[in-house]
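Structure below; questions to follow.
Chain nomenclature is as follows: A, B and C, assigned in order of appearance, with residue numbering initiated at 1 for each chain independently.
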Amino acid sequence: MGLVLLLLALGVVGGVYGVATTTPSSADAALVGDQTQIEEGRRLYLEGCSSCHGLNAEGAASGPTLIGVGAASVHFQVATGRMPLAAPGAQAPVKKDIYSSEEVLAMAAYIASLAPGPAIPTAEQIDYTDADVAEGGVLFRINCAQCHQAAGQGGALTQGKYAPSLMEASPQEIYEAMLTGPQNMPIFNDKTLPTEEKQAVIAYIMELQEAPSPGGLSLGRLGPVVEGLFLWTAVFAALIGAAVWIGIRAR
Amino acid sequence: MSSDLTPSDSAATGDGPSAELAHGGVRDDRLARPEYSGPGALPLAAIDHTPRRSDLYPKAARRVERQITLMFLLSMLMAVLFVIGYVAIDVGAEIYIPVLGTVGYQNLVLGVTFGLGVFLIGAGAIQWAKKLMPDVEVVQDRHRLQSDPAETVKAHDQYERGKEESGFAAYRIMRRTLIGALALFPIPLVVLVRDMWVNDDPALAGMSPAEILSETAWTGGLRIVIDGSLAPLRPEDIPVGGLVSGLPENIMEIQEETHTLNERGKSAIILVRMDPGDIRAQQGADWDYQGILAYSKICTHVGCPIALYEHRTHHLLCPCHQSTFDLADAGNVIFGPAARRMPQLPITVDEEGFLVAASDFAEPVGASFWERG
Amino acid sequence: MSTTEKVGAEAGTFVDQRLGSNKWLGKNLKKVFPDHWSFMLGEIALYSFMVVLITGVFLTLFYKPSLVEVVYEGSYVPLKGIYMTEAYATTLDISFDVRGGLLIRQMHHWSALIFVAAISVHLFRVFFTGAFRKPREMNWVIGVGLLVLALGAGFSGYSLPDDLLSGTGLQIARGIAQAIPIIGTWAAFLLFDGQFPGVDFMSRLYMVHILLIPGLIIALITVHLMMVWYQKHTQFPGQGRTNENVVGYPLLPVYMAKAGGFFFIVFGIITMLSGLVNINPVWIFGPYTPDQVTAGTQPDWYIGWLDGALRVMPNWETVAFGFTVSWNILIPAVIIPGIIFTAMAFYPFLEAWATGDKREHHLLDRPRNAPVRTGIGVMSIVFYGLLWLGGGNDLVATTFNLSINAITWFLRIGLFVLPPLAFIITKRTCLSLQRRDREKLLHGYESGRVLRLPHGEFVEVHEPLGNKEKAILMAKLDSEQTPIALPQKTDANGVKNKRYRIEMLRARLSGFYFADTIAPPTLEEIEAGQAHVAHEAALEAPLHEYEETHYVNVPFHGGVLHEEGAPMTNAEALEVTRHKD
């Protein structure tokens, strides 16, 4: 078991090595983070996370190792409220996060100090203003839509797991998720999906979030099932209601 | 409260004299709008009947008349508003409406004005029928559907006459050849269908459908490129837990040559990387490259593209019918309707260090078919 | 006579001199149609089909069924500069650049969904009321044919925009064609002109969608309506209604106004719906590419059950002698629908044979009076509903936090357990309702008033049935629901009955239909029972006399309470108005 974990950890480190080298400034910042912040992070970690992930983040039966997962992973998991986990289940759901943003950054700094890993993306990295929305759409349909659905509404995975809706996701969360592959999401590092392409994907998701519905009420953009449901309830209530009105005798 | 306790209904209990029943239990002179009794009047059914307000009170009838007229007037107004909306509103304009959200302005206005205009015509007509046209039901006898025996005999006689006159029964050989000719005459129509597909692609010359389905563009040494950027890949580019949708490097050339997306539907692959220790089985010895596995992206069930990869469980799920494959275990089916494992593409690296296919797939990709074996 | 009428009369004469149309008009303008809301369900189907035709013609002006790749340069920004097929690009143009185009596209799609749904509920009405019985079996078969054609029309239309959803749907259809034994690959190659997606398929599908299927639908609808016209409509049992008459309103003016008005109502509802509610936002799904897919890949609702069947099917496949038989595709996509539609088409003949019923039926059955038929209907609906649920199992999973694997297993078992359960529950419910009807016929309503008689006995006072309700309940007396007697193996002379087995099957089936049915009371029993009710009422009468002097008599008609101050009789009403004038 220990060996497997070690191999896994090494694999993750090896896999994200390229990331760490391509973005040296932010990675260095996260690695060398200020010592008091790391201490504070360690304290918060021991309080809130160590019961599952082990006293030294080495992992345990109830939680994977966090050595080498990087600051981006910590920020994504804690800032979206996925961690700490409220109850064991198929997947960690999004909930209100219980830490302040300073506390999250402190924990991220602590985990980043244990081993190199993907750093929290910089404002420059997640700036999608110049990105090509249409190209982002193509990349989204190639890499994301199979799980998150073409409109970003999310979808089911196996055994009760699911790809969450992207309608509330911030550019930073999206970037971090692609970089770190939270839960069962595959990792899209800066080689398989370079920063500009990530920005394009973010731009497209933001477009989806804000897009108006030219045809009227959007019915959640969930596709034909919801349309069918609406048809058989509201529309047929109206049509059969009209038929009944014609059929009853006037007084 | 029983209905026959009411005074207005007492004449209509069904036991009264038939003269009154013929008018639905209500005498004409009691109605504000008497029943039609001129030529062509229809027999009324023997059914308990209560007159409507608009039958009794001329005022109520006039109120209904005003109401219906208003509906028709509004309908006309809607037609005018529709034209105004068509001309005045920009096709791309948006508007925020509570409940609906931000929606297309023109679509909303056109739909509501056109729809309401049409709806009001219908509502007016039905209100007219319900409130002002007679609501006393009339009765009509059903006619017998079957022919009279005499008519049947007539038809039979005519058939016999025709049979005899034509000699259809007598000329046996002629009759049989006619039936034979009629049986064969659709053959050209069926044969004509053959050329709905002609194998005129030189690259596929002489191949049967099953053979075409059994091979893809992949050959040994062909580089794998990323779907989207079409950039070649080195093994170290893919992290453990990573997923890449891949295509053969010559995909765009093939597309331009054939003007179709056919090859995409066959050669699309996914590359995943897992810890080599996690790989329990593969379809061939060392078909991976340092834990990088290449599998077809086309589901073996009915052919949906499939890339819902869970990097911790190594499961691949099809969004169409939820077949689940274990990529750590030779792509075998672990759930759902697919019967066959996902075909694996053997991969290696070329001298420049880019990932390439080691050969084509060893088995046909995509949906099952008869000749597949 | 107004000028318009004069012109009309002249035109009428012109036509009559050439076609003799007045003969037809004189007879048919007075044709009587029974009135009931459930008789309008087929009209919804007809009218939504008319809307489909009108909007479809408009769409053909702008849509190009071409799979040639073009670069999109329309006004929808998130797809600008992207390669896509002309089919998809023109669909986007209709949605974003043609004024009112999106409205018409949405009307076309909504009315298509309504068309199939209205056919379904119309079919339920016809089935549950036994309207398919002799002499209307042929029209039932045509109706089933129309349903199948409607599914084909819908699916072919769903596939035309060539967006990611519709393309995936076509890929699945191709996979199914390919799975057909022996001819599968050839059939798929011929239909699609080679490999998937090819370039020629869309124009072929377009022809099917706008010519072949609509032509067949129009032809069959014409026959369907002509047969209804000729055979006259069925009617529910009730006062004055018999198996030999039709009671209702004449074509001119009432039915014409109601049916014509309903066309505009349906048209108007569809149009308003299309202005208010979005359907099939193809621009969100993106252009089709055979290596891309979206989660939640689903067909329109009417194909959902087939998709569900594909999903819940276990992965059976047989490989023998170098050939593959894909049971995992053939059973859900070919065999099950084949059995369902064949059984549906033959049901009237099966029921008539099993029950030995050769009579003409123009009076409808109340569903409770045919418990086995009603049970079969509900059982089928439950079966269909479960498959339908399977078609949306991923959305069910994400909405209710369930596992798709668990839902699939629930359905795999539920498909065999729940429909029979539904049959039993429905049949029992029907039989209970029959018992209640019997009680009502014999004893009238329970009033809830308990009377103490002078000698100390307590009786509950029953109210007699109203004429209308009595007529409805009495209809059961005319239904002959007795099982066919069991056949003998040999007749009296010892000759062996060669048809013993088939007659045995028939007797058993007939027992299945009728063995449990509740026999209605005889006319004598009803009279005796009603006499008893009258007797009780007489006992109570002195009390009523007292009440009626103290309370306003409240006439109760069709749910309308008498208003205070309003006249009590028609005569009074006339008096009042005369005074006012």
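Keep in mind that, in the parts below, a residue touches a chain if its C-beta (ideal position, glycine included) is under 8 Å from a C-beta of that chain, and two chains touch if they have at least 3 such contacts.
Remember, predicted model here, so these are calculated numbers, not experimental data.
Nearest to the common centre of all protein CA atoms is the CA centroid of chain B. The chain with its C-alpha centre at the largest distance from the centre of chain C is A.
A count of C-beta contacts for the chain pairs A-B and A-C puts A-C on top. Rounded to whole angstrom, the centroid-to-centroid distance between chain B and chain C, based on C-alpha atoms, equals 17 Å.
Rounded to whole angstrom, the centroid-to-centroid distance between chain A and chain B, based on C-alpha atoms, equals 35 Å. Each chain gets one centre point, the mean of its Cα atoms, and the points for chain A and chain C are 45 Å apart. Across the assembly, chain B contributes residues 50, 100, 103-104, 107-108, 111, 126, 130, 135, 227, 245, 305-308, 319, 322, 335 that each touch 2 or more other chains.
Shown for chain C are the residues that touch two or more other chains, namely 35, 96, 102, 106, 258, 261-262, 265-266, 269, 273-276, 278, 289, 291-297, 393-394, 404-405, 557-558.
Multi-chain contact residues, meaning those touching two or more other chains, occur in chain A at positions 138, 142, 146-147, 155, 158, 163, 213-218, 246, 249, 251. Across the complex, chain C meets chain A through its residues 35-41, 43-44, 77-82, 95-96, 102, 106, 110, 113-114, 117-118, 121, 164-165, 258, 261-262, 265-266, 269, 273-281, 284-286, 289, 291-301, 304, 391-395, 397-398, 401-406, 557-558, 560. By the touch rule above, chain A contacts chain C in their complex via residues 90, 133-134, 137-138, 141-142, 145-151, 153-156, 158-160, 162-163, 204, 207-208, 211, 213-219, 221-232, 235-236, 238-240, 242-244, 246-249, 251. By the touch criterion stated above, chain A contacts chain B in their complex at residues 4, 7-8, 11-12, 14-16, 18, 138-139, 142-143, 146-147, 155, 157-158, 161, 163, 181, 183-189, 191-192, 194, 197, 212-218, 245-246, 249-251.
For chain B in complex with chain C, the touching residues are 1-9, 13-14, 26, 30-32, 40, 42, 45-48, 50-51, 56-59, 86, 91-92, 100, 103-104, 106-112, 114-126, 128-130, 133-135, 137-142, 145, 193-194, 196-197, 199, 201, 208-210, 212-213, 227, 245, 247, 259-262, 264-266, 268, 297-298, 301-308, 319-323, 333, 335-340, 366-373. Against chain A, in their complex, chain B makes its touches with residues 50, 52-54, 94, 99-104, 107-108, 111, 126, 130-131, 135, 226-229, 233-234, 236-245, 272-273, 275, 277, 291, 305-313, 315, 317, 319, 322, 324, 335.
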